[in-house]
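Should a chain be cited, it is by its letter among A, B, C and D, assigned in written order, with residues numbered from 1 in that chain.
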Amino acid sequence: MNLESLYQDLILDHYKNPLNKKLAENPGISVHHVNPSCGDEVTLHLTGDRSELKSVTWDGVGCSISQASTSVMSDLVQGKSPAQAESILNSFMEMMQSKGGSQGDLELLGDGVAFSGVSKFPARIKCALLGWMALKDAMVQLDLI
Amino acid sequence: MNLESLYQDLILDHYKNPLNKKLAENPGISVHHVNPSCGDEVTLHLTGDRSELKSVTWDGVGCSISQASTSVMSDLVQGKSPAQAESILNSFMEMMQSKGGSQGDLELLGDGVAFSGVSKFPARIKCALLGWMALKDAMVQLDLI
Amino acid sequence: MPLDVSTIKADFPILQRKVRHDNPLIYLDSGATSQKPIQVIDAVSNFYKNHNSAVHRGAHLIAEEATDAYEGAREKVAKFIDGDPDEVIFTKSATESLNALAYSIGNAAKGSPFYLDENSEILVSELEHHANLIPWQELAKRTGAKLTWFEIDEDVRLDYSNIDQLINKKTKIIAITHQSNVSGAITDLPAIVERAKVVGALTILDACQSAPHMDISVKKLGIDFYAFSGHKAVGPTGIGILWGRTELLDQLPPFLYGGSMVTSVTMTGATFAKSPRKFEAGVPNMAGAVGLGVALDYLSDIGMENIHNHEIALTQYSLEKLAQVEGLTVIGPKNVEMRGAVLSFTVDGIHPHDLGQALDENGIAVRTGHHCAWPLMKKMKLVATTRASLYLYNDFTDVDHLITGIESAKKFFLKSGR
Amino acid sequence: MPLDVSTIKADFPILQRKVRHDNPLIYLDSGATSQKPIQVIDAVSNFYKNHNSAVHRGAHLIAEEATDAYEGAREKVAKFIDGDPDEVIFTKSATESLNALAYSIGNAAKGSPFYLDENSEILVSELEHHANLIPWQELAKRTGAKLTWFEIDEDVRLDYSNIDQLINKKTKIIAITHQSNVSGAITDLPAIVERAKVVGALTILDACQSAPHMDISVKKLGIDFYAFSGHKAVGPTGIGILWGRTELLDQLPPFLYGGSMVTSVTMTGATFAKSPRKFEAGVPNMAGAVGLGVALDYLSDIGMENIHNHEIALTQYSLEKLAQVEGLTVIGPKNVEMRGAVLSFTVDGIHPHDLGQALDENGIAVRTGHHCAWPLMKKMKLVATTRASLYLYNDFTDVDHLITGIESAKKFFLKSGR
């Protein structure tokens, strides 16, 4: 493992130019998640129903991993059904818990597989999951999953 | 060090046949001391004035060391002036703190020198001092020293 | 499977030591603290030599390793007691675990299931160690709750005859020892837990003298909280366990406040993480936790079932031998039914302190005194007892030495003419 | 006398370790926890191998030896801080020390000098570590007292301009850090202590970041209570110190209740021993205390004066080097006046977490985050900083590695096209 394989260009690109990083107004739900061990924060706005996640926008401060992961997540689940979003989320979490063992499911995760290297760094897994946990929370609160 | 030199016959004799172990009535002061680490107890009755400790009696439960030491003490200070009693007490304490280094001052301590071996056993020093501490407390409370 | 005690003894460096007059050390004081196998000692050293770093804090390699080691230890503890890792809280000792509970309960606001007032009762027993008595006395004082207690019977077991009065609708907390550190009596937990569930009382178990000695599943016991000390379970000093059921830990306020237990902090207030973090403020005893993990593995590898059976056999043998000593009275059950390897006794005419000293001269380490169970001693009208407490590294020969030691002390102190 | 750092480094086994990509470990995280010299590691092992036994309890030889070792460690601590042995209380950490004080004060009855109510104020500062903030927030809530605080100035030092308002007749407790674990700023204690004496407030010092790094006399400081952690002072984990003045400890109620801290116990109440026993319920972290004694001897043998001067020289050098890194901002005083070897900084365009990771790839261990001083971070409008904290085993080369590491991280994260 070296720095390049942890911080793949794709991660740094998303960090520099995050997608959907502008909170939509009047969302179905707004959730705020914090990583208490480092202070990273994300606010997620979600609008959707049982058939579709119509709008996934966010704002936050944090490291490249947490920011890029949230960016990738917001792009991946936008327009998907809650069930599809949940299986993407589960697939991402599985990859994160693999301790470097899994390359990730390219079909489900798309750009998300760039984070597979993070799973070797226990202290950073929480960073990569911050936005995803916010999504899960938002879907639960909207009663979508 | 062996058992015989710690428990000299004199100690066991005083344990079996303690002196002054019968609380006098209407004492000048009554004090009660406990060794909280083992539960040994002594109650001491003292009557006296600045010229003489007229009556030193006691009752208690405890190991041979604490009982014999209290017995010896009561015998030693009976009829002495508070100042004399205090110098005997100080001499006894010094011997106890000597970690086996001091044989004790035979002139001042009399039978008390039998306890010199106790000073090698840190856990037993408190036993040997129980009655003496009660005496000191009683003299202080009677404003004799 | 019978224990291979000589192999076990060889794992414990201190048991190779010579003490007074070049006597081999015969350690019969495991009820106070247990000795440590080289595996545990080395695990502690190895942590310091290779992985020492503040857990849950650094983003660097050794911080990751330290965190893995520490959380790995938590998993070992969870497995040992059949709990969930998130339910396992590292404290410094059982004493802290029990006080922490008492303070946390005292911190509960009105409306909380833990809230106590003048209409509440806290139930303990006359058998309790001070560590499971005074915290509840003080909590009772602070909240106005009433302290009640089981009395003892002639075998120095709990007297269950009035259990239905003692555990009543007012009873909010039952804090009870699993095994007496004086009489060795094992508590009839099913009777207590069943009745506690009827009235909705919380059950808190002081497992100091049981967790190291028998196979325990907190789930099967059906209790709510569970405390024990690592140092009595061949683990390092300065590490203890508090276990609680998740639903309860979720509702329990924290005890110590500080780093790593918060979700947010401002100058005027803080919100708190979930268990176990909520209950582990500050840099913890990392080496201690790691050592405890290895200690519990050591015990599990030998088998708690095997250890327990060994201790029962030793106890049986000891009870038989002690019964043959004239003038000796065993304090506690005279048979091995629901009884552990803690043997308290008195010998006519010899104060326990003197007996302990005489045994020490022969290299035999026992404990004398009130064993931090002063109310129990007063109830039994005793000032002190001598206590021999046995563990996996003791064998029948150790018991024989004890008996010989007692006999020679009798000769010394009770010889005619004295 | 300048330190012989290469000899010192050789005493610390972990500093011989290779980490990521076979890089030697460059440990710059001593503010979180310090590494341990072999002398301390061996002292802990040796206790377990030869003298392990419950202190203050047994009447046998190894119990005496354990007690001697434990009480000997207390004397070493007393000497180290220039206090009296009976004033030295072993806890599990500074976090416990500070919480213990807050609870003990909360246990004080009306009429006690420690009693707090709605007319009392507790003064802290915006610099505090959570461990010296939240316990006081909670005590304030429990007693109705008002929490007040020093703000910070642009150098991330305390702002003393309103000290006479802050320390007023209502101020009962002043709990303050001796050195910030974020900015490295050292508190102007004489100003605070002098004013505290005028109004009769108690002064409590969080010395976590100072006790291991400078020659301190609690007597000369004129404070009332003092807390630090052994693990930050090359000592074992799970052992901390609370020091207090005898007159105050005599009047302070206990915190943890249990064995060995009583003078009598009945089923309904207990009376308590004097300090330090009153504050040390239960079997303590004996091996930890013994290890801490050896740790403080290790530091004293090198000389606290020498260690402090070494750290100042390192800090001076670091500040100069860091100032040359483009885009880097040091959080805290820019010179070594009243400042310790804790260096927090931010680098434009690189999140601290990412910087920490990049340094770790080169074997350089730093800490990133809010450093358990979240209110301070919010005040400075920061989410996190990177922190390098130096100790006696660090040398100028370590600082050079840090600078090189930062530069290469900048190259990686800020390379054009990204």
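One rule holds for everything that comes next: contacts are C-beta pairs under 8 Å (C-beta built on N, C-alpha and C of every residue); 3 or more make two chains touch, one makes a residue touch a chain.
A quick note: this is a predicted structure, and the numbers were derived from the prediction, not measured.
Here the CA centre of chain B is 46 Å from the CA centre of chain D. Centre-to-centre separation between chain A and chain D, using Cα means, comes to 37 Å.
Centre-to-centre, using mean CA coordinates, chain A is 77 Å away from chain B.
Residues of chain B in contact with at least two other chains: 37, 121, 124.
Multi-chain contact residues of chain C, defined as those touching 2 or more other chains: 20, 57-59, 63, 260, 262, 264, 353, 357, 368-369, 374. In terms of inter-chain touching, the protein chains here follow a pattern that is not a line, ring, star or complete graph. Taken pair by pair, the chains that touch are A-C, A-D, B-C, B-D, C-D. Chain B makes touch with chain C in their complex at residues 1-3, 6-7, 9, 12-13, 16, 37-41, 61-65, 121, 124, 127. Chain B contributes residues 34, 36-37, 121-124 to its touches with chain D in the complex. Residues 20-21, 351-354, 357-358, 361, 368-370, 374, 377, 383-384, 412-413, 418 of chain C are the ones touching chain B in the complex. Those residues of chain D whose C-beta lies close enough to touch chain C in the complex are 13-14, 17, 19-20, 25, 27, 29, 32-33, 35-36, 40-42, 44-45, 48-54, 57-63, 92-96, 98-99, 103, 107, 126, 129-131, 133-135, 137-138, 147, 149, 229, 231, 236-239, 255-260, 262, 264-270, 281-288, 353, 356-357, 359-360, 364-369, 372, 374-375, 378. Residues 56-59, 63-64, 67-68, 260, 262-264, 273 of chain D are the ones that touch chain B when the two sit in their complex.
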